[in-house]
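Here come two complexes built around chain A, the first alongside chain B, the second alongside chain C.
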Partner chain A sequence: MTKYVIKRILLMFLTLFVIMTMCFVLIKLLPLPAVREMGRDVNLIMAKREQMGYNKPIMVQYFLFWKSIVTAWDWGVGEQMYEGLSVWNVLINKLPYTVLVNLYSILIAIPLGLMLGIYAALKKNRWQDHLISTLVVVFISVPSYVYAFLVQYLFCFRLGWFPLTLESLDNASLFSAKMFRSMFPAIMSLGFGVVAGLTRYTRAELSEVLTGDYMLLARTKGLTKAQAISRHALRNAMVVILPMIIGEFIGILGGSLIIENIFAIPGIGNLYISSINVRDYNFFMALTVFYTFIGLASGIIIDISYGFIDPRIRMGSKK
Partner chain B sequence: MMEERNLMNIPEEKFTFAQRDARIHDTKLETKPIGYFKDAWLRFKKNKSAVVAFSLIVILLLFAIIVPFVSHYDVSFRDGFYKTVLPKNNFFAQFGIWDGCTKKQESQGGYDYLHAIGQETGRTVVVKDIDHTVDANGLPYYTMKVDSYAMVGFTYANLSEKDYNALMDYQDQTGVQVIYPLQQTHKTNYVMGNAGANFWYKLKNEDATSAGEAVYDENGNYIPNYITSENKEQANYRSLRIEGDNGGEDGNTWYVYAQKNQSGYKVRVDYFEYFRYKNGVEPEFYFGTNIYGQDIFTCLAAGARLSFLLAFSVSLVNFLIGACYGAIEGYYGGAIDIIMERISDILNSVPFIVVATLFQMHLANKVGVLPCLLFAFVLTGWVGMAARVRMQFYRFKGQEYVLAARTLGASDARLIFKHIFPNSLGTIITGSVLAIPGVIFSESMLSYLGIVNLETSSLTSIGTMLSNGQGYLSTFPHIILFPALFISILEISFNLFGNGLRDAFNPSLRGADE
Partner chain C sequence: MRKVVSIILALTMALSCVSALAETAAFTPADSYDVGERAFNAGEVVLTPAGEGGGTINTVRYAGEEGKDYTDEKVYTLVDTLGGTNGMDWNPHTWETNDDNTVLSMMTIGFYGFYLNENKDGYAILPEMAADYPVDVTSEYVGQFGVAEGETAKAWRIALNPDACWENGEKITADDYIYSMQQQLNPKMLNRRADSYYAGDMVLVNAKNYLYAGKTTYDLITEAPADLLAAGEKVYLDMDFWGCVGALDAEGNAAEKYISINDDTMYRDTSVKDETADEAWVSAKYLYDNYLAAGAPYEAYASQYLYTASIAEGATWDEVGLKKIDDYTIDLILERPVQEATFYMPYNLSGTWLVYKPLYEACKTFYDADGKAVDNEEAAATVSTDYCTTVEKSVSYGPYKISYFEMDKQIKFDRNENWYGYHDGKHLGMYQTDIYQINIIKEQATELMAFLAGEIDSVGLTAADMATYASSQYIKYTPQSYTTKVSFNTDYEKLLSRGTGSQILVVDEFRKAFALALDRAEFAASYTAAGAAGLGLLNYMYVYNPFTGETYRDSDYAKAGLVELYGLTWGEGGDYATLDEAYDAMTGYDMDAAKELMKVAYDKAVAAQIYDGTSPIEIEFRVYSNDTTYVQMFTYFDTQLQKACEGSGFEGKVSLKMTVDPDYYETNYSGGADVIFTTWGGSAMAPFGVMNQCYTDAYDGSGNQMEYGFNTEEIALTIVVNGEEITASLHDWSDWVGSTDVPALDEKLGVMGDYSYETRCGFLAAIEKCFLSYYTTTPMYYRQSASLISQKINYATDRYDNIVGFGGMEFTTYNYDDAAWAEYVASGELKY
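Now for the complex of A and B:
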């Protein structure tokens, strides 16, 4: 097991390194963004770029890039936006918004999804199950931005239950109820998809498990239906469901680009979009690494968690 | 009740010989053999939701293909006056639905403004007066159901000599009044819509502070405030004159219909009729227009066409690449498999949005935005397909029939394409179909976020339409409604259709995910 984990992690860093290298080279091949002239000394900026090594060969720049990361955890400074500020600090400052919105949404969505999934599995092939399954297909298929528009129109404009924009930090602290209320439309829009996915998954797993012979045995030996389901069926279904939930938790770091854009949440996603739009390569590079890392890490953690949750699943075995 | 049976003593004459002359043989099978695809089709037919989804896809596809040909407008069509008008269909409008009407609350000035347009054009602007309230200051407010098309009323148009004459000829031929008399300029600062072209009536108060309240004659009608002249053919106007323009009491006071200026003539036109004159059709936008005055119906079809085109070509290319890649991986296995798997792993780990962005930054200027998007989808999109094919190959390559074919001397290529591949075709087709909604979603997301700019004069995409409408969600939700509805139906249909296909091809997988 340990050997497998180490191997996977090493492999992950190798993949990350390859992707970073490709991205760095591709970004550096692009022409530098033109210096906006308004009220600036162009020569000064050119000199600064020269000093930062922007005119050196790409491989030398790549070496310098790694050197500054390894020695000082320095990912460069903002060029076109947040000028002169450290990319890493800006990123860390934006992270709480993204994490918080996503965390709230999955904290609400996971119990809901599990409950609906269990309910549908228990009522299998009855009208409740058909209703839930149909809704699940609809909610999984409909793009998240469509809910976002719907939520925004209905709850923010028509009914006026929630404010349109996020509370600023001056008015409300990050964990206050006021902030939660202003985040709620985004939380809701993010949650629909998670609830639907989890419901479908739970229903499929649980109805599979419920037909198992050991369920019959459990009932035969005298357990009530509730006991049999909670002690045997749910536990076995969780083997598959839990890694998915863990995956959701890691995914909260990445967040959703489009939801952050629609609800103007000043998180990582918005930072990424603006870094693309204004062509700030330092931000773009750092965020690319960030997103890639999250994607890779969640894959590994999900795989490993299978092994921890159910020791019968032998990780890294040949078969 | 039951007859006693004596089976031992059946008389001999009761026996006859069976098939004494007939040849004994197997009857030929009457039914046709059911092959793999026939079998799948039979099963697919039984799945009601999948069949409905498939028909929906066909309808949406036909919509995307046909509408751009039959529509009176195209994507480049823009109308500055009929912008943000509501959906209208003349047939349904008779029954009071889909009629382009909106609820509006106005002060006395606005009330007069809207009713006056109705009086002058003879078309109903205020379909219904709903409510009338008085606020704390004693000012009245009216709630009305207003036709968003007729509300536009009049505009000033500057025509060249040629256009001016052509418009007059049109009036004479059709008998339709397009040009209306010019009105005297009001001193009030209160101006609503179209540079004051709709202020043709006398106001109660002509101060700069007037709130646009009108005076009525004894019948409750508005009193015209047109410019008059003794010259009947002022500015060479020789065409139809409106009712009531009969020379006045002295027989020598005529309304003025045009003013000559440096470039041609300034006229005041009824925009509804002017639109018909210019475009040949009555203004009627089935899904309304957006903030630029584009017809949403046509734009949606154009955007859908783009999405379909992209999704189908991506799916096809991914199918080809993925199938070959997966086949080689799965068939040969071993070191080749490990290396190829590593490559696809790395490609799969790059976030799609990064790939799309880098392609746009590098190649958009060289090969165009759309090919770039296609490349981006293809670069990473085939990985899933390859994995699927690889799995199928692992499943089938060890089976006896493959071994038998190999023993008989079949080449690798023959084994791959003739023996193993057809067996995995069902999975592959399902995978290709299920990939389509993903592509459509990603495309709309990228163009919504502005990472990919698909908006040109003759091109639009669903994502672009959504992002154009987002700022007007509170005031004109119809701009977003139709693209959002379209893409939702499309996604649901493709998912249901894909699931139906999967169940049809692999009945053992029914209900399972992936």
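Now for the complex of A and C:
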């Protein structure tokens, strides 16, 4: 197992390197944003770009990019966005909001989704199941920003239960109840889709497992229905559900551009797209590495998690 | 039976193929299109000389709201919102956006302040960081800094305000100004705003040379490369054109970014795998000759990849035109004299370049040429700074100081108690606001709800909001200096190469018919929040006389230009009794005339063999996005075009196709678009430079002109000046009116500054009319935004002024303090 994990980690870094190299070369092959500013000295921008090394051969730039990271953990400064600010500092500043809002949303959504899924599976083909399934279809089909507007209008504006936008740190600390309350509309908006997805998966998996022969055997052995479900059915169903939950955790780091804009959350939701649109190389590369690393690392975690959920699954075993 | 069916099918297919080939072969559009003689007579301009010194400025400001206590103990907070796109930076040397400037304007103040005047109908100019108005000391510099005997208005002495200090109480002296300018022009920093004192109207002697200090600078060509070469200029190719920056030659030397087009050093293009293949080795000369030279396949891109080079002479700091005279006096020595200096000197000095030395130095980071951090500036090749990006890294010297900053979320300002203005007795009746708070909210719907809930004090409205709030007593309209127009590509070869039939855009009558089919009033009312129907390139914002505030659009010359363009007459025997009546009646919309012109256009297109008369024509309309407003606008254009085509040979054959292209401006610059929406405008206080900066600077994509293919150098514009006909190209006239030297016109007319403002308007109106008469662009509406302001506050005036707006925050007064406002909002009575 250890050997397998080490091998996967080494492979992960190799993959990361290949992806970084490809992305660096590809973004550098794109022409720089045109400089047209009326009454301004265009040469100044060109000279700045020259000074920043943008006119050096791409491979030289790539080498210098790596050198800065390895020797000083310096990811460069923004040129087209957050001009002059350290890319790393901007990311570190903005990431907690995104992670926190999404983390809360998943922490609330997971038990809800599981409970509803289990309930629907147990009440399969009865009105409760139909009602839940119908709601699931609605919540999966409608994009989260639609809920966001509805939630904001109804709960924040009309009823006044929550603030319209996220509190600033001047008014509330990041982990305070006041901040949580101001995050709640965004948490709800993000959570509806996750709850619906989990409910659907859990119901489907559990429904299948519940009809298995071993469940009949478990009941015949004298286990109560609850014991049979919790000890056998749920455990088997989780082999499929858990990776989905981990996948949701990965998604949280990506943030949600529209939700963040609606609730004025200063997260990283729009950074990646903006960095591509305005062609800010340093932001683009830092974010590429960040997302790629998270994606690759979570792939390993998901694979390893199978072994914990179901001991029959062995990683890296040749037997 | 099967055989029979097979044979019939085969014959049918063969016949179809033959018929298709026959159809294709039947019509080949002409290789070129002759637009005919391009000569335009714009009418008469009467020359009157300029007055001495330009005029006098108003120095008496509005005294504030009578009976209002600006110093009570209550707390008044003004809450605004900003979009905060991709970070903010309020460093005076590097700021970029309006949002940045909003922050900067709170914590700094200029040498001179522009305030609402006593009658609330214009502005007054008062010294702030300066102790008095500038004094012309040119005579003291004769023989130095390029100042010649007899010259005036080139060197100016500014007495500094001795009460000015930083927020920590330290005095601001001449040394601070000298240090700050040295940093602004620091060659290792290459600050984005370094050009403020050499690229604008106020050019400090040697500022640019000090910044570039012997560096080579490259500028995109503005003339045909062959002409440049013939004139002995060196032309350089940007090797990015072929992706060959850094490619190696046979000796292992890397290709520079810019290489002379006469340089035949071959570089290995690694994108060609086979080293022996054609084009595995390329040189700048080869690339130019084969791809960018006249007649080569990518000739159109020449203006984007070819450069001329120049080397900055280099100057020491002592040679820069900024001098300390004593602790509270500085001199500015300029390369060009300032005209109408009583207004333009304070106008150009409505800001400062000050930075606080101890903090500025602490915020610097040093790098060598490879980007490796080094310890000090001497060893560094580049210096970067994060000055003015957080509370700790900001120092104020204006009325407010930053008390809180959270990236992309919120900025708060408190009063800067060390600001001289709170103690000098000269600022009574100003600044009732105690706390100024900016919330970053990107979503307009959220902003509107926050406003309606009493959380913010103003909100911009969209077209959709107008149905609800257009009649609100709290609505304010803010005009902008931009005109939105439709621009047409008229480059025949480019259009022909599309194969969609859009080459009919080269027919003048087609474009004019399209223009006449557009009802600007209906368009502006239906698809913009507050835009006003507009027929001119310059809107009502442009002030031609800064001393009186008179606007170009309201001048007789400007009105007459548009009225004549749209065929209306006035006076005896005319359609209208007076010019004003004719101007007011003008709409630019005449569907009947459009239909008639469309028939002419059809006949002309067929006769010129650029159109076969029967094929469908698809004109591509590029827009920024496919949001609802753009779709509605596009649908309007398509509908009106179809209507205009009714009854002509084009009926049922012409259609518009909407293409979403976020880079549509760039696409247009390379001639890649048929039609696009364009919005341009310049400084509202400098109308005479707008034409050559925005509309006539280069037709081939190398300038700002959006009408690709419309060569203003080929338009012969005649203006009758005091009875004498003077003809020059539209491009030259435009340059001359914009105060750029045009020897032929300088010889006959001198310079624009020699003439009265009215005369200058006459010339400007002539070139505007000439440009519009070719219908390569159709103005649609003048930009104007609508917003609601909170019941909590009052602006000083309802009349918007170009310079001081509605009076600004200085004169904003309050109906409620914070506590009373919270109570009022909680009562649920807040309605707009």
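Remarks
Convention: the second predicted complex is superposed on the first by the 271 of 319 C-alpha atoms of A that agree within 3 Å, B and C clash if a C-alpha of one lies under 4 Å from a C-alpha of the other, contacts with A are read in each partner's own complex, and residues count from 1 in each chain.
The definition used in the following text is that contacts are C-beta pairs under 8 Å (C-beta built on N, C-alpha and C of every residue); 3 or more make two chains touch, one makes a residue touch a chain.
Since this is a predicted model, take the numbers as computed values, not measurements.
In the superposition on chain A, A:R200 contacts chain B only, with no contact to chain C. By the touch criterion defined above, A:V137 reaches chain B but does not reach chain C. When the two structures are aligned on the shared chain, A:Y291 is found in touch with chain B, with no touch to chain C. Judged by the touch definition given at the top, the superposed model places A:I19 against chain B, while chain C stays out of reach. Of the two partner chains placed around the shared chain by superposition, chain C is the only one that A:K94 touches, whereas chain B remains out of contact.
In the superposition on chain A, A:L29 makes contact with both chain B and chain C. By the touch criterion defined above, A:Q152 lies against chain B and chain C together after alignment on the C-alpha atoms of chain A.
By the document's definition of touching, both partners, chain B and chain C, reach A:I262.
Of the two partners chain B and chain C, more residues of chain A are touched by C. Across the superposed pair, chain B and chain C both touch chain A at residues 29, 149, 152-153, 157, 261-262, 277. The part of chain A that touches chain B in the complex is made up of residues 15-16, 18-19, 22-23, 26-27, 29-30, 137-138, 140-143, 145-146, 149-150, 152-153, 157, 200-201, 204, 207, 257-258, 261-262, 272-273, 276-277, 279, 284, 288, 291-292, 295-296, 299. Of all the residues in chain B, the ones that touch chain A in their complex are 345-346, 349-351, 353-354, 357-358, 361-362, 437, 441, 444-445, 448-451, 466, 470, 473-474, 477, 480, 484, 487-488, 491-492, 494-496, 499, 511-513. Within the complex formed with chain C, the chain A residues making contact are 29, 31, 34, 36, 38-48, 50-53, 55-60, 64, 67-68, 71-72, 74, 76-78, 80-86, 90, 93-94, 149, 152-153, 156-157, 160, 164-166, 168-170, 261-264, 266, 274, 277-278.
Listing the residues of chain C that touch chain A in their complex gives 86-87, 89, 91, 94, 96, 190, 192, 194-195, 198-200, 208, 211-212, 215, 217-219, 240, 243, 245-247, 254, 256-257, 370-373, 381-382, 384-386, 389, 404, 406-410, 412, 439-443, 445-446, 449-450, 452-453, 455, 662, 666, 669, 682-683, 693-694, 704.
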